[in-house]
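Listed below are the structures to be examined.
Presented sequentially are two complexes of chain A, the first with chain B as partner and the second with chain C.
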Partner chain A sequence: MELEVLSLFLQQGIASGLVTGSIYALLALAIVIVFRTTDVANFAEGEVYMASAYLAFFLIAIVSMPFWIAVPATVFAVLIGASLFQRVVLTQVAAAKGVSVNLVIATLGLSYVLKGIVRATGFGDTPRSFPSVMGEGSVTLGSASLTYLDLTILGAALAIMAVFFWMFNYTKIGRAMRAVGMNRRASQLVGINLGHVQMLVWGLSGAISAVAAILIAPKLLMTADMGVVVTLAFAAAIIGGFTSLPGAVVGGFIIGITENLVGLFVSSRAINVAPFVVIMLVLIFMPQGLFGGKVRVRKV
Partner chain B sequence: MADLIELVEVSASYGRIEALSGVSLKVSEGKVVALLGANGAGKSTTLNVISGIVPATKGDIRFRGKSIRRLGSDKIVGAGISQVPEGREVFRDMSVHENLLIGAQLRNDRAGIERDIEIMAGHFPVLSKRFKQMAGTMSGGEQQMLLIARALMARPKLLMLDEPSLGLSPLLVQQIFDIIVKLHREEKLTLLIVEQNAAVALAVSDYAYILENGEIAVEGRSADLAHDDSVRNAYLGT
Partner chain C sequence: MIMNPITNRQVLDLPIRESGAKNRNRIISGGALVVALAVLTVVLPFVTSGYVIYIANLLLVFTVLSLGMHIVIGEAGQFSLSHAAFYGLGIYTAGLLNNAFGLPLILNIIAGGLVAGLCGLAIGFLSLRMRDIYLALSTFAFGEAMQWIFLNWTPVTGGPNGLNFQPAHLFGFTFLSDKAAYPVVLILALVFVAATFVIHFSTLGRSFRAVRESEIAAAAVGIDVKRVKIFAFALSAFYAGAAGGLFTTFSTFIHPESLGFHTTILVLTMVVVGGIGSVSGAIGGAIVFGLISELLRQVPSYQEVIYGGILILFMMYLPRGIFSLIGRR
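Moving on to the complex of A and B:
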């Protein structure tokens, strides 16, 4: 390969990787905050993302709602839906005092319900394309080229992450969320309402998933199975250590860039394998993930 | 003086195992009360029932005459009851400063919170030098002091301490109790102290209850219990 082509591929791979990676990063954040504060690996994350895309599609293309109303309406609806799922379903499952795997099964149940609902509407039968409000056209950065839509995705995703990190680290409610993630009993003893915080975290995770779905949907053909992409968000979360928020973001970008570089340099058929090779490497050499910290021996 | 908190025939259980059966006790405003007993006698459970973390299956808990039995743990802190838990339950990955801030989670008076952090720095000089340090990296004694300061940040009327001397050297135990007594005198704080170290607890308290298998076995003025030979032989191991 000539040097010029090599440099072009490298730049384009990284640029495109940042765009798809930002979506993985958002979804990984949604998975990690829920896991940290409620100890549940949310296996319905993909379907929450998928259903959000369909809800936005329905509001824009079928109800003909203006874009600027449909987007906040979708995000708000998913926020409420996810909060209610935590409040109504998960607290009941937890109160039944079964093994904790029951909570995971409950999220699997949610994923089937959401998929079923989307299939039942009939919109999921054929692949749909999501309307884009961004104009056609692209910008060249170095030798890489990104469309306006790509730049919007990356910019919006980074903005959401910045707001989220600010909230998590510098506000009272963010401090309460971190506290619940560290020590539930101590959180209760300082007066934090566990139920409220956990419900809010689910709502927030739903809202982030909805934003990710709306951002990336115009680049995809929508199907009821589009949620499988969340496997890569789980991969991103694992690379980051599964409880670290910066880890989830870095993991998302690593997966996105790896996919794109492998597609350009190796073969497009190798794209699907690449993220799992990365996970294997991380788990072999840094079993705690990149941001998982050291293993802490706990005295009981 | 009026009773600040009163437990009336309180029972509690973990699954089928009854941890407390018909415990009645009261703490008058401005007093120091000790709750003694062996491991597993139900001392911590009593505090956790008051804090709303373990539900009472029977009986009633009254704080300033009003039942708090069915309140959530956050409402109980809000009402003015804070617990210093045993076992170094600081927020490990937060700084000392943030641990203090989170103690004031239910308060909204920014200036008052800042002022109270200054006051805590005065009570616990060790902490003031380590505001930026992660709480989990501090020594056991320092974590114990941080826990007390964190609980005080909620401005409680009743402070409950669960085994403040556990795992600390005699010198540190003395230091911690000196601070506790000082707080009681200066801030008119009412205290309920759970201890296995009966000698220390009886020395600082006005009144004491001794729990045995989830029931109150003995109660009386601390000075009397400390000198009662039968009590000393049976419960205090001295």
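Moving on to the complex of A and C:
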């Protein structure tokens, strides 16, 4: 391969990788905040993302709502739905027998339900394209070219991450979330309402997934199986150590760029298996991830 | 890492008491259930037709799969989400050996179990380095990677076209129908059931449960924790591989699509809904959830919603499994 082509591929791969990586980062963020504050690995994350995309599609294309109403309506609806799931289902599962294998199975149940609803409505039968409000056209950075839509995705994702970090680090509710993540009982002792915080975290994670879905949907063909990208988000979360928020974001970008470079330099079939290889290698050689901190010794 | 120090016991919430100590009510109703099942299995081939026998065969295979999952998660307390991969390894090994050499059925099944078991041995080493959610995710990744191999190694597995098997044979008798295969599948499945009960009450079973309750305490009483954990994974994978071999006695076609994560989830659900940690629970869960998932095929458009709803409701209101209803005071 000539040097010029190599440099073009490299630049384009990194630029496109940043765009898709920002979506993985958002989804990984949604997984990590839920895991930190409620100890639940949300295996329904991909289906929440998929169902949000279909809800937005339904509101815009079928109800013909204007874009600026449909987007907040979708995000709000998913926020409510996710917090209700936490409130109604997960608290009951935890109260009945608060163990993680049961909680994980409950989220798997949710993922089947959401996928089933989308299939039952008939929207999932054929791949659909999501309407885009961004104009056609592209910008050239160096020798990489990005469409206006790509730039919007990257910009919006970065803005949401910034808002989220501000909220998590500098506001009272963010401090409450971090406290719950560190020690549940102690956080209750200092007057934090555990139920409210956990519900809010699920709601926020749903909202982030909805935003990610709406951002990326115009670039994809929507199918009921589009939630499988969540394995990439899990890989991103694992690279970041599974409990670290900056780790999830960095992991998302690493996965996005790797995926695009593998696609350009190796083969598009290898893309599908790459995340699982990454998950296994990271867990075998670096079980704490890049940002996971030190191992804690458990006692009898 | 910010995590509360939780033990395996809290993660799975397994019953501490051995299943031997029960009240009389439970023994009577449990005994009645076993007798009813025994009568049903014997009478079945004489009163029903092909499809029902096919379902019965399938349920027996699920029972072996579920028992394998029971050993790793119920007895040894280790998360494993790659069961479908081991099952697939067993199916392909047995099927391909049968196609290539026409070996007798039993050898194919043993070979399937051994190949899967060796793979399980390798996965067992993972469990030495990680636990809980990390172990769950890495075994999940292994399962998905194996499904990718089944789908893409076209020269061997047939890839997305699936793979056809020749009918299996044993002692010069060729199994051409579900009905012909049923007695063999039944007997071999019963062998696995018996083996699991033997393991459950043996020193090995007690070592498994000791590791599940506390690795440190187990090590303190002289149990080789590493060896026990690796052995649990290998044994569980052997069960899954043998179940795959059993599958080839009555089915002549496999598609990688049916060897994905949802199969692992189905088996995990059987073990959890049956009542995690109990052998009879794993069997009962396999029969009940195997039937549910087969019956739901009749309503394809609502299949997923109903299945997901059942999972959620079980976790909300019957977390200790279906058998917690029997003989409850």
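The working rule: the second predicted complex is superposed on the first by the 290 of 300 C-alpha atoms of A that agree within 3 Å, B and C clash if a C-alpha of one lies under 4 Å from a C-alpha of the other, contacts with A are read in each partner's own complex, and residues count from 1 in each chain.
Just so it is clear, a residue touches a chain if its C-beta (ideal position, glycine included) is under 8 Å from a C-beta of that chain, and two chains touch if they have at least 3 such contacts.
Everything numeric in this text was worked out from a predicted model, so none of it was measured.
J.: One more residue to check, A:Lys219. First (chain B), second (chain C), both or neither?
T.: A:Lys219 sits against neither chain B nor chain C.
J.: Thinking of the overlay built on chain A, is A:Phe35 touched by chain B (first), by chain C (second), by both, or by neither?
T.: second
J.: Which partner does A:Leu189 reach: the first (chain B), the second (chain C), both, or neither?
T.: So A:Leu189 only meets chain B here.
J.: So in the superposed three-chain picture, is A:Val89 touching just chain B, just chain C, both, or none of them (first/second/both/neither)?
T.: After superposing on A, A:Val89 lies in contact with chain C but is clear of chain B.
J.: Just checking: does A:Arg128 make contact with chain B only, chain C only, both, or neither of them? Give me first, second, both or neither.
T.: neither
J.: Touching A:Ala176, do we find chain B (first), chain C (second), both, or neither?
T.: In the superposed model, A:Ala176 contacts chain B only, not chain C.
J.: Is A:Gln288 touching anything from chain B or chain C once the two structures are fitted on A? First, second, both or neither.
T.: In the superposition, A:Gln288 contacts chain C only.
J.: Which partner, chain B or chain C, touches the larger number of chain A residues?
T.: After superposition, C is the partner touching more of chain A.
J.: Same chain A residues contacting chain B and chain C, which ones?
T.: 182-183
J.: Quick one: which bits of chain C touch chain A in the complex? Just the residue numbers, please.
T.: 1-5, 7, 10-13, 73, 79, 126, 129-130, 132-134, 136-138, 140-142, 144-145, 148, 152, 214, 216-217, 265, 268-269, 272, 276, 301-312, 314-317, 319-320
J.: Where on chain A is chain C touching in the complex?
T.: Spelled out, the residues of chain A in touch with chain C are 35-36, 39, 41, 89, 92-93, 96-106, 108-117, 119-120, 181-184, 231, 234, 238, 241-243, 269, 272-273, 275-277, 279-280, 283-284, 287-288, 292-296, 298-300.
J.: Over in the complex, which chain B residues touch chain A? Could you list them?
T.: Of all residues in chain B, those touching chain A are 51-53, 72-74, 77-78, 82-83, 85, 89-94, 98, 101-103, 105-106, 150-151, 154.
J.: Which residues of chain A touch chain B in their complex?
T.: So the residues of chain A in touch with chain B come to 172, 175-176, 178-179, 182-183, 185-186, 188-194.
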